[in-house]
Every structure is written in C-alpha cells, then in structure tokens.
Amino acid sequence: MTAADRGAVAGRWRPVIAVAVTAVVMASLWFGHAPPRSAAAYARQAAQTVGYLRSQTQTARLWVDAVATAATTHQAASIALEEVEADATATAGRFAGWDPPPGADPVRDTVTGLGEEVTRTLGALRIAAHRDQWAACRDWRSHCPISLSGWAPLRTASPRRPGHEAQTRHAVRLHARHPLGHRRLHRHR
Amino acid sequence: MLFGFTLGTLSAIGGFIDIGDLVADALVGARFGLRLAWVTVLAVIGIMCYAEMSARIALKTRRPAFDLARSRLGPRYALGGLIGSFLVTALLVMAELSGIALALQLASGVHYLLWVPIAAVLVFIVIWTLPFEATERIYGLLGLAMLVFVVAVWHLNPDWSRMWASATTVAPTSGESWPAYLFFAITLIGAQMTPYEMFFFSSGAIESRWRPKDLTEMRVNVIVGFPLGGLLAIAIQAVAFLVFFDAGIQVEHISQTVLPVALALGKVGLAIALVGVFAATFGATLETLFSTGYDLAQYFGWAYGEVQPPARATRFTTTITALLLLSTALALTTLNPITVTIYAVVFSSVLLPFAFLPVLLVGNDKRVMGELANGRLSNTVGTITLLLSIVVSAAAIPLLILTKAGAS
Amino acid sequence: MTDHESLRFTLLDQQLVDADDRPVGRVDDVLLELPDDGGPPKVVAVLTGAQALGERMGGLTGDVMASVASRMRSGEHRGEPVAIPASLIGDHADLVKLTVALDDLPQAAGLERWLAHHLVEGLPGAGDARD
Amino acid sequence: MGRVHDLRITRRPDQDGRPRGLFVAGLAVGGGRLAHAWGFAERRATGPWLLRMMTARAARAARYLPADRIVGWGPEVIRVRSDGADLPRLLDVVEP
C-alpha cells in the first residue's frame, strides 16, 4: 500500500518541478507588476487610469446625489467619499510613478493632470462632507474635471444618451494620439 | 416539520451569500451586466446536487460527508486538499471579518480597522457559547434582509428587455476581453460553489438530527434554499448593472455593493442591506471557520462539533481559534478585502474537484449508502459538475495571471 | 457469500471510536505480523496518530509530520506511534469501533488531553473535559 | 504479477467459535490504482457511469489472490504458488 501511494515519478523529477514552479511564479509576479514599457502598453494603462478616475468620480457623484435625496446617511456617504478619494489618489499615483516611453510625454501630462484635478476635487468633497457642508457638495459638479452633465442616474436604461460624448472628452483627447486608448476607454459603454 | 424546513432553507441561503458573492456579483454586474448570470444558474444547479448528495450521506451514516473522503482520496491527496483549503479559508475569513467591519463602519462612521478586532471577539464568543442551531437560526433569519436587493431591482425601474438581452448573451461586453470574461465566470463559480456550503448543509442535517425518513424535507430545503440564494446573487448583479454599468463605475468597495439599494429604497433600504451584509458575512465567518475545523478534525479523526462542549473537542476548538487569530492579523494589515476575496474565491475554485470527487464516490457506495445511494439524476448532474469543476480548476490560475486578477 | 472484506474500505483510514462512540483518531496504519507457523499474516494492531500517518506516507511531508508528532509526545513510548491492539477492535466497516473506553487508552489523543488540561479547561463556559 | 492494491481481511474464529482476531485472507492484485481507490474493483459502486467506464478495464483485470497460495511473504516481493492466469477475478469473488 505504502509504495503504491508514494508514486514512482516524484523522486527524480522533484527538483526539476520545483525549479519550474518557482520560475513560473516569479514570471507571473513580474507580469503582474512590470511597468508598461512600450508606447502601446503605456497608452493602455493611461486609458485604464482614466477609466478608473472616471469610475471614482461617478461613484462620488452617486453618493452626493444620494445624500441630496436623503437616500443615505451622512456617515455612510462620508465613508464612501473617503474611500473614493483614497482610490483616486492611488490610481493617479500609480500612473504617475511610471516613466513614459519615448514620445508618450503628452499622454503622461494629460493623464497625470487629470489625476491631480480629480484627487483635488474629491479631496475637497471629502472635507466638505466631514464638515457636513452637503449643500456645497451638490455644487461641485459644475467644476468637476470629468464632466457629469447630462447623465441621468437611474430610470434611463438606454445605452445611447446625450452627454455621452462629454463623458469621454478625455478619451477623445487621448484618441488623437493613441487609437488604442480610445478603444479601451469605451469599455464601459 | 415547518420549523426544520425554514431552518434548512435559511442555512442554504446563508451559506450561499457571503463576502465572495457580495464582491463578485457587484463587480461582475458593473462590468458585464447580466452576461454572466448563466454562471450563477449553473453554480446553483451544481451546488444543489452536491449539497443534496452530502446531506443524504449524512442522513444515512450520521457523519459528515467528508468523514469518508480520506479513504477515497488516500491520505496524500486528502492532505493536499486540507492544506489548500486551510489557506483559502484563512484568506476568506479575513475577507469576511473585513466585511463585518465594513458593514459596521458604514452604519457607524467609525473606521473599519477598529471594528475588525471587535468582530473577531464577537465571532469567538458566538463559537464558544451559542449552540450551533441557535447561531444558524439567528444569522439565517437576519440574512433574509438580503432580499432587499431583489426589491431594489424593481424600484430601479429597469428596462426588462435590455436586462433579458444581457442575461441571454454569452460574450463579453464591448471593450472587455474574453479572458477577463472567463476569469470572472470562474470567480463567480468560486464564490458560489463553495465546498463549505456542502459541509455546512450536511453538518446541519446531522445536528438537526435528521434521519433517512426526513429525506423529503431535506430535499425541499435544497430545492427552495439554494435557488433563493442564486436569486439574491443575480439581484446583486442586476442592481450593479442598472446603476454602475452605464456610468462606467468599477466596484472597488463593499459600500458600492449597497449603494444601489440606497438609491432605490433610501435610508431604510440601506439599513436593511447593511443588516443583510452583516448577517451574511458574520454567518459565513462561522461557517468557513467551522468547516475548516471539521475538515482537519475529520482528517485526523479528532473529536469535533458544536454539539459538544469545547473541552470535549479541544483540538477542534484550538484550531479554529488559531485560524481566527491568523485571519484577524491578516485583516489588520489593511490588505484590500476585495482583492483578497477575489484571490480567495479563485483559489477555492482550484480546490473544487478535491471536494466533489469523494462525495460523488461515497454517494455511489452501495455498501455504505444502501438504498439511499445516488440515482441517475444525481450521478448525471454530479458528473457534469465534476467535469466542469476540473476545467475551472485547471483554467483558474492561468486566467488569474493572464488577466492580472481581472484588471485588464 | 464472501467472508473477507477490503482492508482499504473497512479498516485503513477509517474513523476510530471508543466504546462510548467518542472519536479516538483515524486508523493511520495497520501493523501486520507473520505467524511462525507459516499461516497468513495477522493484524496485530492498528496505529493511530500523526506520527503513524507520517511514517506511512513517507516523503518530505510525511517525515516532517512524523517528527513533529513524535516531538510533541512525552513519556517512555515517544518515538513509537500509538498502537491499539487488534484484540480491542469490535465492529469495523465505515467506522472502526473499539471495545474499550478512550480513558483506558492513555496513549491515544495525547494532544487533545494536554490542550484540555492546560488551555481550555480553565476558561469559562468550556464544560468539563472529563465527563 | 502485478501490484498489491488491497488486502482482504477476515475474522477467523478459534475452536470455540469466538472471534480470534483479524487475518489476511488474501490480496487484491493487479488492475489500476483508481479502480481500487474508487471502489469499482470490488463492486462497492456501480456509478457514476463515466468513472466506471474509466476504470472498467482495470477493475476486470483485478484478481483475488487467496493467502493459502502464497509461498513467501517478503516486504517488497510476495512469492506465489501457481501463475496468475488461474486466479479468480476480484469482481467474481466479492458479493454483488
């Protein structure tokens, strides 16, 4: 019984298997964390970063709207705004930490600029929420870096809405230089 | 009869919805709409089959299904499965504890890291003092609060034809890749077909002292409980779809899971949803801890169980306490619970065949099961589910790496 | 009608319980002895505990398991796995039932007793380890 | 002749008819590992179909080797009187 359970193959191949597994694990860790080196990869990351920033801004907007319609407690909304700001800071910081490949400096300027704007706005929002100045929060849309106008939150299920173009303003700017960026930005449609 | 019925049903729902579902369903709904709802349907059918099988084994032998697993897998493979599930559970309990703490944070405004140790102490007290049945009943009942997600779907006035179109499409949404789509399909399977649901449903059958004559009652529980859990899961996907999809919002926090309910039903809805999240994560913490304790105790033949006072099952109690401490420490590292959940459910899906195969074999063992051995339906669905789980298990890690855990 | 059964399904790896149905451990290995008269081998004892299991499995995992388990034990018999004489085995099928109580097997479940005595017993609400 | 996959044990009564202990009645020899591990070689299970089909050939190949035909019991090698061909199939020996 014992011999049968032990299996015959294991012994000789064990070191080979161990090395192979380690190599695959190391490679995949690197794959997960390697900075984008090519212009295309950088543009993809740029588009993804803008997508995240937009997602975070939109989330903040939903919470502010919810407070405005008394649909949520102030505690829950403040917590959510803190989370959103922290996420945006992390998203923007991650992108800013990558060196742009040759010729991608304009992309970096656009996206890091947007990141700074978004984090500043969300930070102001968080402070206003902590001070319980919810009325001020409601006005923030007008100077929000990512346009939110024309986006009716609920009760509209149609995929094509007026104002959609405005949402992807930055996408279009990226598109002018990097077609890939444009494609990635439309992932959420 | 009625009482036993509700108890089992609650256990089925409570077992189904946990942090994995709260995270994965909202994430998937926001990114893919209802285009992965079919995965939930498959997962419900698969888990119903195996939960019924393991409960039937428990009725017949009065021992949990996995008790007989070691002689089928052999000690080596069983040990591999055991170590794997121990690690996955540590991650999962960490995520569940964070889920409890995040629900309390949203309700109170106090930072979640302060709630983590409190949640852990609360869990420990419940393990130590309350009998199994009482705990199961309490969080099962509270878990019904999750039905608020189903109500929210209607209050969001959805375009039903668009929902249907999304639910009947098997393809990624535009801009998403196939690997990402498949990766999230696996995530959903890992979140919804969890081995501990089987453990728990079958242990519940033992602790409620069901006998072979209660077969019908047990089956009714399976047929009602698990589809209800699946309905809740699809409801979470649906509200995330309705609120987040068009806005291009990615789900990164538990607060976003409950946000649609607040938008649809206001503060009351939010409060009920938070109670539901609390109950689901709290119950799941107990369930995952216990199933790992059972797992280990059964492998080595230790005394186990909630029916015995802790001193009669000291190794069992010590193990789950140690696991709880480990998970609390993990939770306090401020690792993002959502990320940890995704990894945990993916690794859990890797281990699925190890959980399914022995149950299928014992269910067919005529010398153990006698007239309660598997019928044709159990075997057909069981075999298909097993094959599916093998495919999922093989594909999970490559897809995890390829999609960078769903990031692209 | 066969009068013999599979060792694999009715003894090895199965749950051991004492006369009062309290869990003792698993049948982690089986000790066979070849009688001098040349008859078939006889099951002398069943071995239980992580040490027996580790020695049976072998390999790195098994060795580690066995040595850890052996270090955790105390008394004159440390170094040998816990053996329960075959004469104490009652019924065996998917459960192996002993004809004695757990308390009469001082070797078995040592960790359980140690933890009960040193760690758990002192805490409130633990119940009594000995009844 | 093949690998030993299982032992068949029996309780042999002594002269007074009291059970005297567990003895090895014979060996289960040959056939695949999985056929034995999954219980198909000794007719414990008849399903599921797919697993049975996977192991059917191996299960038919498994033989029962009674202890009285064994000449030498070694730790690695077991010597047998008679060749393998006339051994009964395990499937035919065990109860249906």
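Just a few scattered comments:
As written, the chains take the letters A, B, C and D, and residue 1 is the first residue of each chain.
By our rule, a residue touches a chain if its C-beta (ideal position, glycine included) is under 8 Å from a C-beta of that chain, and two chains touch if they have at least 3 such contacts.
On a predicted model such as this, the values are computed, not experimentally measured, just so you know.
Most remote from subunit D, judged by the distance between CA-atom centroids, is A.
The interface with the greater count of contacting C-beta pairs, when A-B is set against B-C, is A-B.
Comparing per-chain C-alpha centres with the mean over every protein C-alpha atom, the closest match is chain B. Taking each chain's centre as the mean of its C-alpha atoms, subunit A lies 28 Å from subunit B. Put simply, the C-alpha centre of subunit A and that of subunit D have 62 angstrom between them. Between the CA-based centres of subunit A and subunit C the separation comes to 56 Å, rounded to the whole angstrom. The distance from the centre of subunit B to the centre of subunit C, each centre being the mean of the chain's C-alpha atoms, comes to 34 Å. Subunit A has residues 1, 5 in contact with two or more other chains. Shown for subunit D are the residues that touch two or more other chains, namely 5-7, 37, 39, 44. Touching two or more other chains at once are residues 74-76, 367-368 of subunit B. Interface residues of subunit D, counted against subunit B in their complex, comprise 37-39, 44-51.
By the touch rule above, subunit B contacts subunit D in their complex via residues 72-74, 360-361, 364-368, 373-374, 379-380, 382-383, 387.
Residues of subunit C that touch subunit D in their complex: 1-11, 32, 34, 39-43, 86-87, 89. Touching subunit C in their complex are the following residues of subunit B: 61, 63, 67-68, 70-71, 74-76, 79, 128-129, 297-304, 308-312, 314-315, 317-318, 367-368.
Those residues of subunit B that touch subunit A in the shared complex are 31, 74-76, 105-109, 156-159, 162, 173-176, 242-243, 245-250, 252-253, 255-256, 259, 262-267, 270, 401, 404-405, 407-408.
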